[in-house]
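Just below is one structure, and these are the notes that go with it.
Chain naming follows the written order as A, B, C and D, and within any one chain the residues start at number 1.
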């Protein structure tokens, strides 16, 4: 899958492919291949360095973009998934468990998106129900009891807007997480890997550090939703995306996030290893810093972190 | 000082024109004598429909006369995104909301007394940009919560909101976390928080402070929910029952303690505060 | 409704009624009425002082026996019912709320049984689902936060054995209550008013004082259930009732309960005012005692209270 | 000392008769070579059915050889009600259970090591009066929990029980409260408790300690529930699905963290303890 704005890349890739096929019979095409490859990389860098907000949304939603399970496989060992909210069910849109990250034992929670139709049904496209948020909170309390730092991976278009979710208290579940996560006495690092969709993202998004991948987005409402309300035209999503300031650089400037983790050239979906390397480096740094703080200091800083957003 | 009540305002004006004497119930369309209707705090005597109250009106309903002292009245909207849509800028829109309502934000906060008991009160006003949760709203609620904690006074927040204020983007979203964090500390300090959910309380406000009361109480028929009805119907591809997301429905599903008609609200709150502060039995 | 063993009382009552009807025309029957009334009272006292365990079970289940709402009306003012478990629903088989008892503000929880078919459907015959236990725990936490003593009224044949109750974690809900009630930092007085049915009773039955009305029962299993398992014949319930030692005197002797509250002659269903008077007196005494303790002392004593049951 | 393992016992005996060499799987009826089956800890190699383990067998499965030190081995049943039914007295029945199992109560408690990590372990034995929770059972679990709290060692309870032991009446019921109270203090002290639910874990045991793990883990196919299947079917007047109250079903409903085959149990527990005690990463 590629985007409209990636057309020049696609063309170059096609030509490189064609030439490579000729290489056997005409070895001299190698020079051309090298030239085109260089151009491809430059073009890719150029395109990805000037993505519009709306283009970034598309990249953030790319179906091949690394999902939670890719991060689990790429960064952690000994993952043990833990199930259930001890109340109603085991939501598969938010999963969690113990894992080992370098020399750190940690607890992971995060939205799980699928890459196939079957997976998307099973994971409900990463849109959690109340039991997902409640499971996350239960695991956070385990992490607190066991003194395990937490890494929370955010990638959701939002909390599931379904009848059953409303009945079982979607609002209450998110609200309680916001309240209680602010006081969970263990370090929490939040990483937005793809879509940070509104309350559904924030519901597992309160922590000591908020990091974003360079092509991820984080927004109070989807650009489509905003466009259809304020522009009365969902097609104006690009304008809304721009106005909402949802990209990592914009959010860093607004002092909402702590760090942008740079993706490899051409986006996370083009280079899984590159992403893992960058994320690993960042997580290690922040975990080390947070583990050095007393719990009191940690919680005071977490409180102040959110208190100062929109302070007068 | 006590804020203007409708009755008081009336006295200061000229005799109203005949058409101003009557109003129509939004729900049952009955013609109502305006003064009567206002005396009943905008509850329809025919069908019991609870119409929206402005923040000042609700404050008058809840606190003892002349007992209210407002906090942070000068806090007004900020525009962190310099947001503009095709109909104009957020700054202009917010100015219009200020002019229309006489408020500077979607919430009025302060302290007062309720039947003599000291309370901290935050009252949202749906007339101000749909009661949306902006950074000014969040900051005022945050400060009121901190005040309640430090002075060990019970906190009441009356919500009326369509949710987060998207014109402030992520800054608005983060007010959910900010206000909830303040409530976490209030809770740790053992101070009661009563959330009053009025029509409507949805989106980011229901998914933060409005659902975090030690006691969640609601007005009859108030719309209370997270996602919008239309979005849900599109998602599940079926029509929702009429009573869906009403206060009574949400009570049956376990998230609201009490549904209290407006006429009993003050007395019920008084009792709940007595229990929650465990004051001496008279 | 009356029981087989009350036949002599019924006969006397009939004769008194007949004579009373004659009184207008024959005033001299008054002497007979007085005599019979005296005999009735003596007979009643005699019968109720030697009830078998199985007869006590029947009295404890008498449909006219005071239910939670009778106690609320008879003992408290300003009751405010509070709804919901903040998770799934509002079970009507266990209700709770604030109330004022003499000079004490308290929190009440308790099983609610109905007295009509409609009520029994609504209250599910006092058989709670997980959300009932979770609501009770939520209210207990409120009571703890607000420093309100708790009075818990037990009257249930057991937790509801339904598919939905199992799915939503009946076992977990009861277990959590047992654990958390042992540490709720406010005085808890438990009063068994009718049937104390197994885990469904104990689920709101952990407290500092366990009181029983003189004709109530408290058992690990219903006599019928025990009989059908051990005697392989449910009709042997009377034998099982005897063997299980489920009456208030037996349980006092076993040091499981702290006090028996005497019912008026002929059982609670014959004299509501008398029951209220006796319960009021007992509750006042125990509340005063418990409120005099420090929270630490209170919780230490509560722990020891259960620790010593079946200690070697 | 390590308890007798099946293999060890075998060696000390005469060559077994031919019919003793084979056993039949309870679930799939396959004929299994007994020694093989025991080596697999009574898991059927054909259908994966996990048969019940005696307490000593499970202890051997879980702890390092010769690392187990038993607690309170002399605690045996008490008979507070002097209970008798028409088939005889509880005292006699209990004596038979002792004779049959070589145990004195339905649980064996002690401390040991699991891959070198110190643990406190309580293992129920279904063969002892259906693993019923009597006062001796409760007291042993209570004491083991207290030991874990005082020594700050993780606690593992392996449950296998039909519920409370009705022959001890209310004293049995109260063991639910007693053991749960001990777990409350263990939890307050920040000590991990892992509950292992094996086939079957029902009634008063599931409604007390078995459901109170920081982590609840179960063996495949284990029956886990509160009320009995027949009682429920009588109540709701419909047949229950086959998978009702299996470990997997209960996991899907949110009450079990993990379903772990017996062959992986020891290693998984080892990892879980490492996480819960946050030991240094090797």
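Couple of notes before you dig in:
By our rule, a residue touches a chain if its C-beta (ideal position, glycine included) is under 8 Å from a C-beta of that chain, and two chains touch if they have at least 3 such contacts.
Everything quoted here is computed from the prediction, not taken from an experiment.
Among the remaining chains, those touching subunit A as well as subunit D are C. The chain with its CA mean position farthest from that of subunit A is C. Comparing chain pairs C-D and B-C by the number of C-beta pairs in contact, the larger count belongs to C-D. The centroid of the Cα atoms in subunit A and the matching centroid in subunit C are 55 Å apart. If each chain is reduced to the centroid of its CA atoms, subunit A and subunit B end up 34 Å from each other. As a whole-number value, the distance joining the C-alpha centres of subunit B and subunit C reads 42 Å.
Multi-chain contact residues of subunit C (touching two or more other chains) are listed as 86-88, 168-169, 172, 176.
Chain contacts: subunit B has residues 187, 253-255 touching two or more partner chains. With chains as nodes and touching pairs as edges, the resulting graph is of another kind, matching none of line, ring, star or complete.
The full set of touching chain pairs reads A-B, A-C, A-D, B-C, C-D. Within the complex formed with subunit C, the residues of subunit B that make contact are 187, 190, 192, 214-215, 251-258, 268, 271-272, 274-279, 281. Residues 159-163, 165-172, 174-176, 178-180, 182-183, 198-199, 202-203, 205-206, 218-221, 226, 229-231, 236, 239-240, 243-246, 251, 254, 256, 302-303, 306-307, 309-312 of subunit C are the ones touching subunit D in the complex.
On the side of subunit B, the complex with subunit A involves touching residues 75, 78, 80-81, 83-87, 134-136, 138-139, 142, 164, 166-178, 180-185, 187-188, 203-204, 206-212, 224-228, 231-232, 235-236, 238, 240, 244-245, 253-255.
Those residues of subunit C that touch subunit A in the complex are listed here as 86-88, 134, 168-169, 172, 176. Interface residues of subunit A facing subunit D in the complex, by the touch rule stated above, are 78, 80-90, 98, 100, 102-105, 131, 135, 142, 145-148.
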